[in-house]
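The following pair of complexes shares a single chain, subunit A, combined with subunit B in the former and subunit C in the latter.
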Partner chain A sequence: MIDAALEGMAMLFTIKSMLFMFLGISVGMVFGAIPGLSGQTALAVLLPFVLGMEPVTAMALLLGAHVAVEYAGSISAILINTPGTGQAIATCWDGYPMAQKGEAARALSISATSSALGGLFGFVVLVAFIPIMKITLMALASPEYFITAFVGLAFIVVLGGGSLIKALISGGIGLMIAFIGLDPMTSVPRFTFGQLYLWDGISLIPIVVGLFAFPEVAMLMAKGGSISRIELKGSQWGLIWQGIKDTFQHWGILLQGSAVGAVIGVLPGLGGTVANLAAYGLAANTSKEKDQFGQGAVDGIIAPESANNSKEGGDLIPTIALGIPGGAGMAILLGAFVMVGLTPGPDMLTTGLKYTFAIAWILAVANLLTTAIGLLFCAPIARLSFLPVYVLAPTIMAVCLVGAYLDGNEIENVFLAVGLGFLGYMMRRTGYPRAPLIIGVVLGGIVERYLHMSLKLYGGLFFLRPISMFLIAIIVLTIAAPVIYRKRMKAAAGVTR
Partner chain B sequence: MKLKRFFLFFVAVSLLPLSMVYPPSLWGQTEAEQLKWYHDKTINLIVPHGAGGGFDIYARLVAPFFKKHIPGVNIIVQNITGAGGLRGRNQVYTARPDGLTIGFTTGAGMIFSVWSGLEGVQFDLRKMNYLGRIAYESQVLALSNRGPLKSFQDLKKAGRPIKLGFSGVGSDDYYTTAIIASYFGYKTDPITGYSGSREANLAAVRGEVDGVQVQASSLMPLFKSGDLIPVLTLAYKRDPELPNVPTAIELAETPEAREIALAMTNIFVVDRLFFAPPDIAPSRLNFLRRTFDKIVDDREFLEYANKAKRPVDPLKGEEVERLVREILKVGEQKIQPLVREIAKQAR
Partner chain C sequence: MKWGGKILNIALFLFALGYVWQGFSYSRTPRLFPLMVGIPMLFLTGFQTVIDFFPHLSKKYAEMGTLDAEMLAGRAKSEVKEEDPKRTQKELEAFLWLGLAVALIMILGIFWGIPLFIFVFLKLRYARGWVLSLSLPLGTLLVMYILFIKVFQIPLYKGLLLE
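What follows is the complex of A and B.
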């Protein structure tokens, strides 16, 4: 096994492979940062070029792009409150407030550092799981998927901000949006009003553009000034260094976010958006700076950003072990594996083990390289948040509307985004939290599907499966432990006083 | 090359007097005229499937060769997904029949969407024009190694409906498995809701469902490792890589079952096809079909496809058209009512 690990590393560290990785990362950065251009599109664009390449070079190119997209999605999330990809939604919620405080560079740097560390965590998980990949996959079934997604739904309450009722209403609207489209079990069109456009449901990018980007632009235009409420003074490098330090100081949340990402990665079908949201929700519950969430909390950036990168390691597990891709991006990678002559599946753990290790190494190196590039560009990118509104507002509007269109090449998306813009603005003005709505949209369909399948396959008591019970126990402990701990501390403090 | 050009020139010149007697509108345009017409025009190749997927890869492999064989033409591959591919297929069908809009999709998917009476279908498969099929991949019914059922005979002896995993009711495999089952003496219990065939396959490996229907090539490694047991293929002949797996036609015990097995096999024989809107001028349709034939015969293309590990097994447009008509004829009496029934039950 060590031989294979070294051989895999040797295959990667050639000038050619590294150059192609760099190229892949550059493409991924651009695609990730523009809302509507997804990681899948980046991979699909690069796919024709891998024909005839050596397997490791091809993987370096594609995985480089794949990893970079995960990081770059957070750039627009932090700067203009619109995630470049669905996997960076929760990053908006504390990244953008931090940018408003004039610390965009710090937020970008936290995001870059925790992406790298999360990615490395994913790498460790991937390598650690190589011997037991298959057993793990065999153990987790629909009920476990349901439980994981259901816990995510519970975060609606946590992310409500002030009012529980308002959070529930917002989450309810999200669920209603989630149920638009063909019923996943019976394929009966629901709430589609005879429109083919609505059959696939409403995709995330127009919703996010409408709910988050438009209200911000409207507020900015009303208020004038720039995104940052304070003026640019001095060098940004101090803030960047601060961001790196922040990430290492908050190692508890970093580990927690990475672990959430890895677990969700192993469950193919849940995806990076769920990882990002769940890690944020959990951190909002366990973080020490809980009360600052939504106002630029450091933990609120670390958790989601580490999760969406560590997810990649987990995602690769079913792809490699069984030749069954863990997500849409992985499905394209799988196509590429075949095109360059690798056969994903059980062979990758025996005769092809060196390639499996090469992929793990690529993942690790690409993460570090992405972060290095990201950190280097933090300062110039962060300056965007100090631009005056008359330059910024039209640009953001244009980018967002084009992004909404690009998401599926549907013009209806643009109208939808504008319409939801009004909803978002009203919600903002009347103090309705918008995060629960997004959670409802993302998780509604998933919860429905797995609940249905669990009931049908395992009956009404499906959650009594040993593995399900184990999972429930872990979740209860993670959520309850900090609460109990804090109560005890308070009680202890009360006694001494 | 020069000889060929000379020959073309010769043909064109020799046809010249003919055109004076009969105007082109009567006897159709020559290849040279078609080539001239296409010069500087843009063909839209609509792929109603996601970027980077199997259909998309084929379309993008073929696209540059349209340019090669129709000099001066431009071609754009557009992924128009939505409504399970219906949006893109409708868009091709309702496009102007000038030969500048063509599509590439699954024939099986179109047939089942028509038969099930899916709302929103705007196309008539008898009027649709077919340019040719690019590849055929045999479908395989595979059972989980972790379940109690290990062979086709076990299905009949199971004494309970067989749990099969699908992404949704509308999928090809959903109808196919149910129809085969009803003529082969067992029942199925479809488990829908998996986010795609990949997740359904994982569920089968895990033993959560008894089996799935898959494309043979995509899961060959899992057959070799023994995680999935292939028990039946939908093909005229056994798959050379799975010599011990009988075809549905072989397994049929009654003449009726045999007829159904053949029809179901035909449906997948016309699976990956290029199509065009109805009412295209015959000369232009013929030109597009011959261009397709040239592409799939082009050694450079075959090498290119081979490099990408995409099998090419072409069938001419005329043959596809004949098969589709035959499938519709047999199917409308015997299979369509069943498909309707299955779709109704699912609701």
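What follows is the complex of A and C.
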């Protein structure tokens, strides 16, 4: 095994592979930073170029782009409150408030550092899993996927804000939106009103652009000034260094976020957005600076960003071992595997083990390289948050409208984004939390699909499977432990007084 | 936004009502989840609409939140500090500008509509000078041309006039 690991490393560290990885990262950065241009689009654009390439060079190009997209999605999330990709939604909620405090460079630096460390965590998980990959994955089935997604829905309450009823309504609207389109079991069009555009359901980018970016532009125009509420003073490098230190100081949340990402990555079909939201929700429950969440909490950036990148390691496990892609991006990578002569499945764990290790090395190196580039450009990027409103407002509007259109090249997305923008504005002004709506949209389809599958395959008591029970126990403990701990602390404080 | 909350609640209640109504028109399997969510939503939005007309009830239920009550209190304080009598009017104006942007995109397409919108916005809304008002739209045009047309060859919407 060590021989295979070393051989994999030697295959990666060639000038050609490293150059292609750098190229992939550059493309990924552009696609990740522009809302609407998803990671899948980046891979789709690069895919034709891998024909005839050596497997490791091709993987360096594609996986480099894939990893870079995960980090770059946070750039627009932090600067304009609009995630570049769906996987950076939760990063908006504390990244943007930090930018408003004049600390965009710190937020970008936290994001870059946590992405790298999360990615390395994913690498360790991937390598550690190689010997037991197949046995573990065969033991998981639809009930486990359903339970994990269902727990994600429970975070609606955690991220709800003051009014529980409003949080539930917001989450409910998200779920109702998620059910628009073809029914996954019978393919009957639901709530489509004869519109072909709605058959595939409503995609995430126009929803996020509408709910989060346009209300911000409206508030910015009313307030005047710039995104940052304080003036630019001196160099940004102090803030960048602070961001790096923050990430290491909050190592507990970093490990927690990375673990959530890796576990969700292993379960096919849940995807990066779920990892991002679940890690944020759990951090909002367990963080020491819980009261700062939504106002620029360091933990609120570390958790989702580390989860994003660690998910990639987990995601590669079913892709490599079983040929089951964890998400759309992995499905494209799976196609690329075949195009360059690699056959995902048992072969990748025996005769093709060196390639499996090479992929793991690519994951680690691409994460480090992306972070290095990200940190290098933090300062100039952060300066964008100090631009005056008359430059920012039309630019953000333009980027978001184009971004909404680019998600599927559909002009209807533009109308939808503006309509949802007004809904988002009304929700913000009237105390409705918007995060639960996104959770509902993301998880609605997943919960529905896996519940139907579980009921059909295992009957009404599907959750009594040993692995399901084990998962439920872990989840209940994770959520309940901090609540019980806080209650005990409060009770103890009351007795002392 | 004295009436904003009430209007939104009523709109959401009507949305839930329409959703459930439509949900009943499907057969058993496709309607299962929509109704599982839609019917409780009908009650929740109805309840929220009613309690919003009774301030003491509304306040009581607004404090039922689980974990982020302190966060919300923090936000509420910061919003009060920023309150400006014309705030709502100014914020709604942004949506009128967005409407104009969409109209220009519909007529001229993305490639020409977006730069024209930026120019009009800078000139009319903020009365900026010619240098900025021309350079920003031209820069946008250039970026879109290089990125979307030359490099990625993405077909942009052409608009009603050019299609």
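Keep this in mind: the second predicted complex is superposed on the first by the 488 of 497 C-alpha atoms of A that agree within 3 Å, B and C clash if a C-alpha of one lies under 4 Å from a C-alpha of the other, contacts with A are read in each partner's own complex, and residues count from 1 in each chain.
Quick note on the criterion: a contact is a pair of C-beta atoms (placed from the backbone, for glycine too) under 8 Å apart; a residue touches a chain by one contact, two chains touch by 3 or more.
Computed from a predicted model, the values in this text were never measured in an experiment.
Trainee: Given the superposition on subunit A, are subunit B and subunit C in a clash or a fit?
Mentor: Aligned on subunit A, subunit B and subunit C fit with no clash.
Trainee: In the overlay, answer first, second, both or neither for which of subunit B and subunit C A:Asn409 touches.
Mentor: After superposing on A, A:Asn409 lies in contact with both subunit B and subunit C.
Trainee: Quick one: classify A:Leu175 as touching subunit B (first), subunit C (second), both or neither.
Mentor: After superposing on A, A:Leu175 lies in contact with subunit C but is clear of subunit B.
Trainee: Of the two partner chains, subunit B (first) and subunit C (second), which one does A:Glu7 touch, if any: first, second, both, or neither?
Mentor: In the superposition, A:Glu7 touches no partner, neither subunit B nor subunit C.
Trainee: Quick check for you: in the superposed arrangement, does A:Glu54 touch first (subunit B), second (subunit C), both or neither?
Mentor: A:Glu54 sits against neither subunit B nor subunit C.
Trainee: After the fit on chain A, how big is the angle at subunit A between subunit B and subunit C, using C-alpha centres and going to the nearest 10 degrees?
Mentor: If I round to tens, I get 90 degrees.
Trainee: Looking only at contacts as defined up top, I'd like to know whether subunit B or subunit C touches more of subunit A.
Mentor: Per-residue touch count on subunit A favours C.
Trainee: Check the residue A:Lys223 against both partner chains and state whether it touches subunit B (first), subunit C (second), both, or neither.
Mentor: Second partner only, subunit C.
Trainee: Should A:Thr395 be classified as contacting the first partner (subunit B), the second (subunit C), both, or neither?
Mentor: Only subunit C is touched by A:Thr395; subunit B is not.
Trainee: Could you say whether A:Glu289 touches subunit B, subunit C, both of them, or neither, answering first, second, both or neither?
Mentor: neither
Trainee: For A:Arg429, select first, second, both or neither according to whether it touches subunit B, subunit C, the two together, or no partner.
Mentor: second
Trainee: If you take every C-alpha pair with one atom in subunit B and one in subunit C, what is the shortest distance in Å after superposing?
Mentor: So the smallest C-alpha gap separating subunit B from subunit C comes to 6 Å.
Trainee: So which bits of subunit A does subunit B touch that subunit C touches too?
Mentor: Shared contact residues on subunit A (touching subunit B in one complex, subunit C in the other): 185-186, 188, 409, 452.
Trainee: Mind listing the subunit C positions that touch subunit A in their complex?
Mentor: Those residues of subunit C that touch subunit A are 1, 4-5, 7-8, 12, 15-16, 19, 22-23, 26-27, 29-31, 33-34, 37-38, 40-41, 44-45, 47-48, 61-75, 82, 84, 86-88, 90-95, 97-99, 101-102, 105-106, 110, 114, 117-118, 121-122, 125-126, 128, 132, 136, 140, 144, 147, 152, 154-157.
Trainee: Touching subunit C in the complex: which residues of subunit A?
Mentor: 30, 37, 45, 157-169, 172-173, 175-176, 179, 183, 185-186, 188, 190-191, 214, 217-219, 221-223, 284-285, 290-295, 389-391, 393-395, 397-398, 401-402, 405-406, 409, 411, 414-415, 418, 421-422, 425-427, 429-432, 444, 448, 452
Trainee: Show which residues of subunit B lie in contact with subunit A when the two form their complex.
Mentor: The touching residues are 50-54, 56-57, 60, 78-84, 86-87, 90, 119-120, 146, 163, 168-170, 191-196, 198-199, 201-203, 205-209, 218-222, 224-225, 227, 304, 307-309, 346-347.
Trainee: Once bound in the complex, which stretches of subunit A touch subunit B?
Mentor: 40-41, 43-44, 47-48, 51-52, 137-138, 141-142, 182, 184-189, 196-197, 199-200, 268-269, 318, 322-325, 328, 331-332, 335, 338-339, 341, 343-347, 408-410, 449-450, 452-453, 456-457
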